[in-house]
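After this come two complexes, each holding subunit A, first together with subunit B and then together with subunit C.
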Partner chain A sequence: MGTRVEERKRVFRAPTITGLVVGLLGISAVFAVRALTPGLGKWSLPNQLQDLLTLSISVIVESLPFVILGILLSIAVQVWIPDRWIMRVLPRNAFLRRTVISFLGIFLPVCECGNVPLARGLIVKGFTVSESMTFLLAAPILNPITILTTGQAFGFGSWVFVARIVGGFAIANILGWLFSKHPDQDSLLTDRFAAECRLPDAHEHDQTRWQKSVELFTRECGVIMPAMFIGSLVAGLVQVAVPRAILLGLGSNPVWSILAMMALAFVISVCSTVDAFFILPFASTFMPGSIAVFLVFGPIIDIKMLTLMRTTFTARVLVRLTVIVGLLSALIGLVINYVA
Partner chain B sequence: MTHTSIEPNRGSGTAGGASDRPYRRALATTVTTLVVLVAVFAGLNYLQGPKLASAQVDSSRVVAQSGQQLRLFANQSITAVRKSQVRVTPASPFTVSSSGDVIAVQFSNRLLYGTSYTVKVDGVGNGAQPRTTNFAYSFRTPAAQVYYLDRADPRTGGPDEIVKTSLTGNARTVVYSAPRIQQFVVFPQAIAVTTLGDDGTSALSLVSLDKGFVAKLLLPGSGTIDELQGANAAGVVGLTFTSSGPAAEREFNDTLMTVNLTGAQTVDPVLDLAGKPLQVLTWSFVTGSPSIVAQSTDQTVFLIDPTKPGSIVPLGQYQDLGGSAPDGKSIVVSDIYGKIAYSLSSGKETRLPSLPMAGATTYGGEAELIGSGTARVQQVAVPDSTGSGRYQSFLVLEDGTQTRMLFQPADEKGSIQGFSVSPNGQYVAVNVIPDFAASVSDNYAVDAQSTSISTIFIDIKSGTVVRSVTGFEESW
Partner chain C sequence: MWRNRLWRSIQRWQGIALVIAALVATVWLAWTNQLILYINPSYIVFTVIMGAIGLVFVVASFVTKADHNHDHDLDEPRRRFSGPLSVVATLLTLFVAAGLVVVPPATLTTATADQRVVNSTGVGTGTKTVGAAASAPTGAFAKFTVEDWSSLLRQTTDASFYQNKTADVVGFISKDPDDPDNVFYVTRFVITCCAVDAQPVGVPVYLPNWKSTLRTDQWVKVVGAFDTNPSSKSQQAIALVPTSTTKVDQPSDPYLY
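So, the complex of A and B:
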């Protein structure tokens, strides 16, 4: 036991602390530079760089509360809620089990940023990777905040609302089913996270729950913070580099508008809890199917989410995930554009 | 850690010999199926033109006000739509504009009551797809509703009634009743009513149409009100006010005043060029606006915007002043030679000659323009063919080239007391006393009226009588 504890410390402590420091320093630096440079006169940053910082900060400000909330919920699930509570209520039939898992977001209402640490916690707790993935993909859409904001923005009986709810459920379950076919669920995870999951709890018997919670919080922050820092910077960079007018110019074409909205969702990385109101002004320019695509594709696949998910899943999994979610979202949008 | 899932667990790996062939097959099948479906629907979308997603029109307003819009919402942004692509049936003047996914068809005139309209837009495209489509949208306007005043017979007593009725049936609804109602005007939410007290002075009240609440408005002293009118869209009431007492001591004498119902609801005098309260012979609101045309006691006709202090423009001196055209762009005035259509924008005068009817000379009386030109409904007098020297009164439609009879009293005893044309020019209401010589007045101190007066509603296009009611003071 003593050897395993030492091994665990060696594996996790250094990268965790480094990650946490890099993440916190990076995020602080972005805020500091944005706040200080406008007062430097001719030494201030060029407009485009200031836009980049502003856009990155907006992604961070929007995501950070949900990331922290997600980490806290993840800790609650891992440390404070007994295994049997969650596992007992889930059906044994795989299809029904994933169906129920799709709706866990109703009780754990965080946006997609917070769902990544929570999904990691569920894997540690005993969910299979495909089940955790079902939760990760469904929860950003099938949660009360997102349902309410989407309904308020577009109407509870609108095509866009129905497409988002039904589409989010369908995409999560199709991908959950698909990845459940994989015989080696561990191989879907990054080596580091898989190793973390395989190792026994080092302090199972000699740590209090509070100590475990603090350690988990530090560890998750160390993993998630750098990803969020990098993801927000990339999201800001792409928004500055790609003129939004180009995307909007495609809005009147039933096919190109789908791709334009997918690209917009991918680039701006806005959270699912507020994206309905973000996209509402575009509803007069873009077709309803395109708007639905933005609201279905965005919460699952965007720059920030891919960066966050990369902490957990392999690049190959993320590529397949992106392709299938993209195809399913496009299909939903095209069907709506054709029928509505 | 506890694993209770029945699916393959983490860590089982493929080392145990489990094949990933089902996963790869499922992945390939899923991706292939999705690619095919996406391609099919992309093709269908490409070949499908724009569609009409929804439409928006206020069918009540299109008959009450000109300039109302029908908005057609396409399911996608569309290329600009030209007027030549749009047809309105039955025909009515319109303009077209389009932006984004919206086509706005603006009706220049009020539409007809109780009529089904169809708007078709041909060749709607979006520039990105090869196919164009045709939009068609139909809506029905509501039947005409009219309010009128039914005064109680003085011999039997009882309150006077303001009645709401339709021109398509016999149903009548009393919306307000009170003793000695003088005049009233109807607004969307309320009725402004003037009543006479026992001392012969007037009171001005607002009656809410839904709850029936009555609020009295404070007048600038004791006196009488006359010529009550309303600018519906602007929510402004206008009236003339005369203070009680001997003429030489009155503060106000036929003074034009307005009340802004959307503001403080105070009764304020309209000021003349010298900044003094304006005394008028007659006045009216310009259709569709709060602007006023008024004829002062020296016969000068003014155009006044009561919402802008000091905005008063003299138009010239005329013998008489009539109402404004349905589009609000011209008014009817008269000089010694007859009626004139006066353009408020250019000042141009167009004579309205009284055309012969069945070879007989006609003498034009009151006229109301019913379109943007000189077409009008006019009361005319025709000399008796027996050579008795008497004249008979008719109501005619003059379209500039010919005269068509709309109404004539049943016999020579009858008298046309007045008339008004519905705001959309579809109907004319004629106030008739069947036997003028034998009629009995209700003896009201202001606006006394015959107890036998009735109002007949006529469809101008067909000339048919559609409804007749006992009463007068119709308000459309």
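So, the complex of A and C:
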């Protein structure tokens, strides 16, 4: 037994100089390619292809810092913060627990793409799947930056502001409650992630916290980065392919305007912390209920988020999630369009 | 078993390779002041700080060996379609990675301006109002941007408002879909957060047969005065009638915020 522990120590603690050298050379090579290629002249790509690349890269560059922040917070939750800090302060009653969890975003203000690795970390830490889902759905809306930007854009007493905050809270808790009724919570997760969650922390005494942190960073990058790249490409493709004029013609109809805004939110995949400013210029041509739908539906369901969430939840769960969130936000939008 | 292990290894290093591509591209874009082609300048500091932290973790991952025991425990049954699907997925990610690392950075083009319809949104809060413009001193108008003029044109089409106001604007050319031969827009994109949310705004310019000397996507500086649009086909009531139209280089900050 003692020998095995020794072996493991050697595996984890001996820094591999070769790895470091090869890695640094690799990074330098990528830097060199990046710095030298523009010198070879402009590429005359067709406009559509050029814009597809620009839009996809823009999604990556914009999301990357939030994804890294999300992974860092996930590492903090899993490796550095003692269990009792998070798990023991939460109420035992499931309903109250989810209510409190929906406000966790106030302390962990990452926008939606960064919340995916954090939600994964919370499941590993001991949250049930439905609790983590409540966090994932509520946090992009119930966080100080989103609240502030939405209030600044639309006014703190406006229908749109109230609908976003109350609606976001309600939808997250209704979905958390619905999925908590599922008898087999593990079956909501992808096989790979479920296996990762079941794994006992076998190397607790073999690895230092720093080594664990780096290991987690590497593993989360392996899962999140491919999803982010594909999500950004699909988001770019749809933006290049679907003419915006189709959506813009539907703004004044109480029902169609809602569907148009859902489609726009789905396609545009813009961050919840700034989407209020983005949608503000549309407010003059679109009905207020549809603007509220954009702000409630968009942070939860869009192309980028679905590809990121697919790293954790099964496709079946995501279809249900999309349909229910869509119906609930449409309901909010219709009430505002007809009442306000 | 060795295939599973190889697969895990590829997955592990694919993530690191992609994060390196994204981080290196981000840092280089920031260094060469081109990050503004993709995101609003106010996010640059945050992006660079997180990028630097990311790079530290990437370098640290080179000195920490893979936790193969952990990976071994995670072996899962491969699905029937997972092979071909992951090959397609890997090719797609490589395509985007190549775009990040190899293709020179560029702004959005007229393809997106046409697709998103120039001046299709309402007037933003930060732009000029008719009241403010009416009381502005004469010299101020030369500093009005494409966004300022386009928002004024969406607020009033009263020709007398535009009298004695000379415009001096820079933007790229996109054609007026209703009269593409005689009217074009001096166009700019307005960015909220990043290029994904770019909204095209433009000032219509009446210049018969402009395609004989100019082409779409060309950056131009147009000086002139507004008048009732002489074009019978164009939907734009007021247009800029240029006294001079000069080709210029794309500015280093092509978007408006």
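In this text, the second predicted complex is superposed on the first by the 296 of 340 C-alpha atoms of A that agree within 3 Å, B and C clash if a C-alpha of one lies under 4 Å from a C-alpha of the other, contacts with A are read in each partner's own complex, and residues count from 1 in each chain.
Rule of thumb we're sticking to: contacts are C-beta pairs under 8 Å (C-beta built on N, C-alpha and C of every residue); 3 or more make two chains touch, one makes a residue touch a chain.
Keep in mind that what you see is a predicted model, and the values were worked out from it rather than measured.
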| item | value |
| --- | --- |
| Partner chain(s) touched by A:Ile324 [first = subunit B, second = subunit C, both, neither] | first |
| Subunit B versus subunit C as contact partner of A:Met309, first or second or both or neither | neither |
| Contacts of A:Ile291 with subunit B and subunit C, given as first, second, both or neither | neither |
| Which superposed partner A:Ala265 touches (first subunit B, second subunit C, both, neither) | neither |
| Comparing the two partners subunit B and subunit C, which touches a greater set of residues in subunit A | C |
| Partner chain(s) touched by A:Leu45 [first = subunit B, second = subunit C, both, neither] | second |
| On subunit A, the residue positions that both subunit B and subunit C contact, one per complex | 284-285 |
| Footprint of subunit A on subunit C - complex, ascending | 11-16, 18-26, 28-29, 35, 37-39, 43, 46-47, 49-51, 53-55, 57-67, 69-70, 73-74, 76-77, 89-90, 92-93, 95-97, 99-112, 115-117, 120-125, 192-197, 199, 217 |
| Residue numbers on subunit B that touch subunit A, as the complex places them | 1-14, 18-20, 22-23, 26-27, 30-31, 34-35, 37-38, 41-42, 44-46, 48, 51, 53, 75-78, 100-102, 126-129 |
| Residue ranges of subunit A in contact with subunit C within the complex | 8, 11-12, 14-17, 19-20, 22-24, 26-27, 30-31, 33-35, 37-38, 42-43, 45, 47-48, 50-51, 53-62, 64-66, 68-69, 72, 153, 191-192, 195-196, 199, 202-203, 207, 210-211, 213-215, 217-226, 228-230, 232-233, 235, 239-240, 243-245, 248, 268-271, 274-275, 277-278, 280-285 |
| Residues of subunit A that touch subunit B when the two form their complex | 83, 87, 90, 92-94, 97, 123-131, 174, 177-187, 189, 194, 197-198, 200-201, 251-257, 284-285, 287-288, 320, 323-324, 327-328, 330-331, 334-335, 337-338, 340 |
